[in-house]
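Before I ask anything, here is the structure I am working with.
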Amino acid sequence: MNKRLNLLLFSGEYDKALAALILANGAKENGMDVTIFCAFWGLLVIRKEGYENSIDKTISQKMFEKMIPKNAEDLNISNMNFLGAGQRMLKHMMKESDKPMLKDFLDGARHKNVKFYACKLSQEVMGFTKEELIDEAITIEVDQYLKDALESDIQLFI
Amino acid sequence: MNKRLNLLLFSGEYDKALAALILANGAKENGMDVTIFCAFWGLLVIRKEGYENSIDKTISQKMFEKMIPKNAEDLNISNMNFLGAGQRMLKHMMKESDKPMLKDFLDGARHKNVKFYACKLSQEVMGFTKEELIDEAITIEVDQYLKDALESDIQLFI
Amino acid sequence: MNKRLNLLLFSGEYDKALAALILANGAKENGMDVTIFCAFWGLLVIRKEGYENSIDKTISQKMFEKMIPKNAEDLNISNMNFLGAGQRMLKHMMKESDKPMLKDFLDGARHKNVKFYACKLSQEVMGFTKEELIDEAITIEVDQYLKDALESDIQLFI
């Protein structure tokens, strides 16, 4: 039985998503099984790029769609964001030190078969349809998250 | 022996408190025992509505009382709060999709006998007396939190 | 075998660092082994006071050095910071209720032999050299963090 890492990705910030995906990739490379349960802002990390869906959305949900970052690379950072200047600086420093970007770590996690779950309640509130999220994301409820977390060796809330 | 969920609720934001209480309710519904240790801003979630106590408080603590949200429903959100506009929008979207509010999840957790602990050090710093917190909240020190966390199957810092 | 507490300190905010170090001190006092893996903003907590190093840094990293708090006591708080006024008020309330400051808890943790690890990737991005961090901090990669976390009884992401 492989050791298991279970992440509850609540945050939708560039740096925190980066931390989650670096952990996920690292765990996979070390033979662990990895689950990421994306809830609330965490759903912003697994939205398809450029996807816009205004059918079946309420007016609030359409407004919300206009306000949120268009893709994972546009997420703000959790500290010293300075209206995006801090985020651009962090990304510049990542490039200068030859580090992959968030989207690369996300692609890596997907290729390594990290399991992505999406929180049903959050999806319903934010109006994110299944089509808006990456294809392998499975929508689950909180009791399935808990079951999975109980079977894991490390559980983190990010 | 029931499985146990242990939450350290540090944050005092609407969305994070919601995540904690949704997890707590879900765990209880699935036969788990649940403890929420409220520290720092997490104490704002378990303050009695409308309670104001200016006796035994320092001037700073009285000022602090004026600045903090009056009750759990007034808490800001952790992302895109926009001076409260984002919070109102999130709550509006929750209502539109027929979701309970934070206070409902809090009531649910209380009725299901989730154990609420309050951090003694945080209470002393912020000047929150026992009377200001929900009646069942028990004030404990960090070593009691650690003991409880060690006996739990899932521990999360929210 | 002692019980083990493993903290991933991602945040560089005064109140969250305080929570991490209070837990670390408390765990040590109760006979537990404690590891703190400082990543991203968490590295700000274990930087040497007043250390400035402009050799081997890129222009961005030098700018970054100018922007970040000079030492742990200058970190912002995660809620109601109000450009530092909230932080000063919190620290004032801590002093009024005879609580140690962050630097005291950090000193305590160091004297009690809490193990401090620094995230290699974060150091490279932010340009923090080994000399800039407290002497006992050991630079490790994410797989060593995971190994340590798997051997621990409590793992928290702060």
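As written, the chain order gives the labels A, B and C, with residue 1 at the start of each chain.
Following the convention adopted for this analysis, a residue touches a chain if its C-beta (ideal position, glycine included) is under 8 Å from a C-beta of that chain, and two chains touch if they have at least 3 such contacts.
What you see is a predicted model; the values in this text were computed from it and never measured.
The touch graph of these protein chains is complete, with an edge between every pair of chains.
Relative orientation of chain A with respect to chain C corresponds to a rotation of 120°, obtained by superposing CA atoms and rounded to a multiple of 5. Between chain B and chain C the centroid-to-centroid distance comes to 25 Å (mean Cα coordinates, whole Å). Taken residue by residue, chain B touches two or more other chains at 155-157, whereas all remaining positions touch fewer. Of all residues in chain A, only 8, 10-13, 39-41, 58, 60-61, 63-64, 67-68, 76, 121, 124-127, 141-143, 145-147, 149-150, 155-157 touch chain B in the complex they form. Across the complex, chain B meets chain A through its residues 3, 5, 15-16, 18-19, 22-23, 26-27, 29-30, 32, 78-80, 89-90, 92-94, 96-97, 99, 153-158.
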